[in-house]
Amino acid sequence: MGYQRYDLAPLTHSIDLFLYNHLPATWAFIAEMTIIGVVFLIFYAVIGLYLVLAERKVCAFMQNRIGPNRVGWFGVIQTIADLFKLLMKELITIRKADKFLFNLAPFIVIIASFLGLAAIPFAMGLHAIDFNIGIFYIMAVSSVGVVGVLLAGWSSNNKYSLIGAMRSGAQIVSYELSVGLSLLVIAIYSGSLQLSTIVESQADAWWIIKGHIPAIIAFIVFITAGTAETNRGPFDLAEAESELTAGFHTEYSGIKFAFFFLAEYMNMFLIASVAATVFWGGWMPLHIPGCEGFNNAMDFIPPICWYFGKTAIVILIMMWFKWTFPRLRIDQLLTLEWKYLLPINLVNIIVVALIVLMGWYIK
Amino acid sequence: MSEEKKVIVELNENPEYIINMGPQHPSTHGVLRFEVSLQGEMVKHLIPHCGYVHRGIEKMCESLTYPQVIHLTDRLDYLSAHMNNEAVSLCVENALEIEVPERVKYIRSILSELNRIASHQLWWSAFGMDLGGLTCFFYGLRDREKILDIFEESFGSRLLHSFIVPGGLMHDIHPNFKKGITDFIKYFRKKLPEYNRFLTGNVIFQARTKGLGILSKEDAINYGITGPSGRASGFSCDIRKVEPYSAYPYVDFKEILYNEGDTFYRYVARMDEMVESMNILEQLIDKMPDGNEYTSKMKPVIKLPEGEYYQRVETARGELGVYIVSDGNKTPYRLKLRTPNFSNLFIMNKLASGYKIADLVAISGSLDLVIPDIDR
Amino acid sequence: MKSIFNYITGIFKGVWTLLKGMSVTGKYFIRLDKIVTQKYPENRKKLKMYDRFKGEVIMPHDAGNYHRCTGCGICELNCPNGSIEVLTDKITTTEGKSKRILDKYIYHLSMCTFCGLCVKTCPSTAIAFSQEFEHAVFDRQKLTKVLNKQGSSLVKDIAE
Amino acid sequence: MSNESLVLFFIVAVALVGLAVGFSMIIPPKSKNLVKSEPYECGIETKGTTWVQFNVGYYLFAIVYLVFDVETVFIFPWAVVMKTIGMRAFVEILIFFFILGLGLIYAWKKGALKWE
Amino acid sequence: MEQEQLKEKIIALLPEAEFNVNKQYLDINVPSDKMHAFVKLLKESDDLKLDYLFCLSGVDWKTHFTIVYHLTSTFFGHSLVLKVKTTGRENPEVASVADIYATAEFHEREVYDLMGIKFSDHPDLRRLFLDETFIEGFPLRKDYKDEINIIER
């Protein structure tokens, strides 16, 4: 297939070989790890910062505003300036707060979002770890972030934060289930939990096209549940600025607050990449069965562009949600999950199983 | 006693979980404080505390002449400044038994209705924001700006106009005034369906507002809840109908009445009022006499004859009463302002207890409280 | 059965209302010409306030450095906040009559509420509102202004 | 890269937070202030203790969740092999989901899915 | 209902009511001891039904205070002004009508706060606008002095 011309596996492999040929094994290992670590760190920071900027721009355009436009050309370095400002701010600790947990919480949210990044296939042959249970892994890791939110709210010794924490507790017990079950649909279709395999299985067409109605339903459910799991509006109950001032991070200041912020955006990125990978074919170019010429033309666009393009669209949809809908109430949050998303999911899975059994999907 | 034991003892002594919402809280739209005792997320009991912006306007009025009082009434309910000005002016005119020119009556009513729309637009924005839909805020303010531009062109100020004075108006309206209003109505009639598409019809919004904070008609009367909040409960309290003033007798409009009395219908009542206000405006613009008289002959120093005068006016939030006791001097002996929000605020405990915090925000938003109007 | 039907239609109706809401924001997202933001310091040059805008009280002086204020103090009386102080001098004219002229017209911008009573009641239209709106200063003292210019005097036609 | 190198990601994340927070603790100017370290409650002093037994309305949800989450773990292996096994897997999952669905309906009817 | 008819009904209910000159509303003085029962009667009687208290204000007359109640009927549309005089300036006290009109509770608190008129049997008579710790008199009284904040003109 044409898209294989952009396979990055030889490149990474050659770097690997180069290091091991020129350095002792231990040092080569350390050097390789350092390179990967630094690359991901920079990637993480840049994506996080620019997502913040993108959100501000998107919401501004939706609200007939311009958004950041002072720092740099069209505000392109606005968030970087913000980051430095936050770095230079004093960290305030609250009297009687549970200091250990208070300091631990930002670590947990960042670790959770950073670990998730490890399993994402960015392009052909470009992923840190190709788990054979990739979907499962991302599900597990991304649900840890809420624990950080819970801890942050609880340890702050602030009543608003506590209520926010309790709300995030409710979030824990709900949306993870829907995320898992909606991803299951594609797992049934493709017969694998490995993200690279799932992407490869979409070489002829994406699952959202091949899997037609159940896949579309699963996608909608996934986006809804994913938005909820990342604590974003309209599910930002733990934060709920009009009710709880700032919810769980009321007492966080400076860079610690920035990490919650960053983690929220990275979680969004994570959810969007999973959605793009699983439903929209990840880095796989748009292929229509039977149109060879079209497919070849599409193959000329590098996979990494496809991946980021799709992710950006899903992120845009999630931002669109946030800037359109009013916030749900806590009981409605649970009602939505248990009375709507879960039954829909269960029925959807049976339907998919039937479709797979009968072969009614586009093979 | 160990630390743990202390906590337990404290809990037993003070079993209520009390949380302060306000004075510095995004949902109170000003410096109002609710002391909320909670059980989980449920509001058990709520005590409103006010007075953070108490400026003693009633006391200050006692040392100011009647034209000077006008500029203080602006600062009561700053979102319906024209109506407040009109209330005092009407009261003074009634006392002096002055008849203002027809044209002035029309202009006053036009200003009131414009002001009402502007106020409801801001309320809509803030209500959407209370419920977490931040974009509402910008849409509402964007459209409100058009009205404020009309105001600025004619009166030179956007919020606090002091334009309606005893005897008439401060000065004549701008030549573009009529055109500006017709343009605005044309513009806003297109935007209002957008508001409905965006928020009113939204399933989340309806679930957040329907069936909570139900105010019965009896309670509305008993607590003196006026304005759209009262009318959503079926309390026919529109002063424009009950005691028509200015140009309201000349126009044909309907009082928005609903019987449900919940948060959603308080919302709908205001949305309908905006439409109705535009209808009134169109009629007033058509019927408004030409000419350029904007004031009736007034003495340079206004002295009210000894006695008591009361004037009721319908502001954007309800009934504003001005009670002037005069001893024949050029300053009022006592000037009492019965402000709509003052009465409206104190229903909060009854409405919000038994609901969740999120509902408390929605209910207080639906009452459309303006804090300086409460504190005076 | 009915309830199941309602449940399913409820889902579709709900999603439909959500999509309707999204269509509004989506429409504005692509209509960049609808942006209402004004970039303030950049548009300062062409930013024009309305003629009647009540920026601050000024005392117009004509070309010969004449103003129209007789120093009667009516504005001071009418000001509800005491933001105007009219200081007058007694002089003896050439005919030997003693006459009151304006010495200093002090205007406290920090106390002014822009109600317009002073401008309205001035019998000789000596004061007016300017369209100036950038009042921010670093020192509160600067908000106290003397409106009559140095060496200015009353215009002839009123003085007679 | 092997799965064990997940440790690397862990370390990098910890280092990122640790370094930034450490930097923020050392470099920025500090001012000690008693009022500043008070918990924020709209400018009013907090009454009573913050940490109380909080009455939350989702204990029952939590139990139902626990059940369902465990069940989901069972479905994942099934999902992978569904294609290859075919009919038998489908019938089995039908039975499984029937029981699961009954449980959900039971909980629904009993009012466990209602916020108290 | 016309004012004359209303007047007759009031006289029937309370013979000792004094009528004041007021062009706008029917304006009566009520003795403070009869006040509470009379208001209750006004609200509950079938042909008056003055069920809406739209304004409650206190006026300082230098020798005494009056509490002014503006009542109206949402059924018939007639309005009535009641006035109650307090005896003297020291410790003025009037019966509360908070149990009859719920809105009176806070209007009375306001009057208490700013004028210092006590309302007996009020459920919760505390300062409303001013701080609980504010003890320097009652600002809306005519003899209230505050050298710092009030500039005499």
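By letter and in written order, the chains are A, B, C, D and E; residue numbering begins at 1 in each of them.
Keep in mind that, in the parts below, a contact is a pair of C-beta atoms (placed from the backbone, for glycine too) under 8 Å apart; a residue touches a chain by one contact, two chains touch by 3 or more.
Here the structure is a predicted model, which is why all the values come from computation and not from measurement.
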Can you list every chain in contact with both chain A and chain C? B
Can you tell me the least number of steps between chain A and chain B, where a step is a move to a chain it touches? 1
Measuring from CA centroids, which chain ends up nearest the centre of the complete protein set? B
Measuring between Cα centroids, which chain is at the maximum distance from chain E? A
Using each chain's Cα centroid, which is most distant from the centroid of chain C? D
Using CA atom averages as chain centres, what separation in Å is found between chain B and chain D? 44
Intercentroid distance (Cα basis), chain E paired with chain A, Å: 64
Rounded to the nearest Å, the gap separating the Cα centres of chain D and chain E is 58
Distance from the CA centroid of chain B to that of chain E, rounded to the nearest Å? 25
Show the residues in chain A shared as contacts by 2 or more other chains, in ascending order. 62-65, 159-160, 166, 245, 323-325, 330-331
Multi-chain contact sites of chain E, meaning residues that touch two or more partners: none
Mind pulling the residue numbers of chain B that touch at least two other chains? 17, 19, 25, 40-41, 135, 142, 198-199, 202, 204
Here the pairs of chains that touch are A-B, A-C, A-D, B-C, B-D, B-E
Residue numbers on chain C that touch chain A, as the complex places them: 11, 18, 21-22, 24-26, 28-29, 32, 34-37, 39
Under the definition above, what is the set of chain A residues touching chain D in their complex? 33, 36-37, 40-41, 44-45, 87-97, 103, 106-107, 110-111, 114-115, 117-118, 128-129, 131, 136, 154, 156-160, 162, 166, 169-170, 173-174, 176-177, 180-181, 184, 187-188, 191-193, 245, 250-251, 254-256, 258-259, 330-331, 334-335, 338-339, 342-343, 346, 349-350, 353-354, 356-357
Under the definition above, what is the set of chain A residues touching chain C in their complex? 58, 61-66, 69, 320-321, 323-325, 340, 344
Which positions of chain B touch chain D when the two form their complex? 7, 10-11, 14, 16-25, 33, 39-42
For the complex, which residues does chain B have touching chain A? 17, 19, 25-27, 38, 40-41, 128-135, 137-139, 142, 198-199, 202, 204-205, 207-208, 356-361
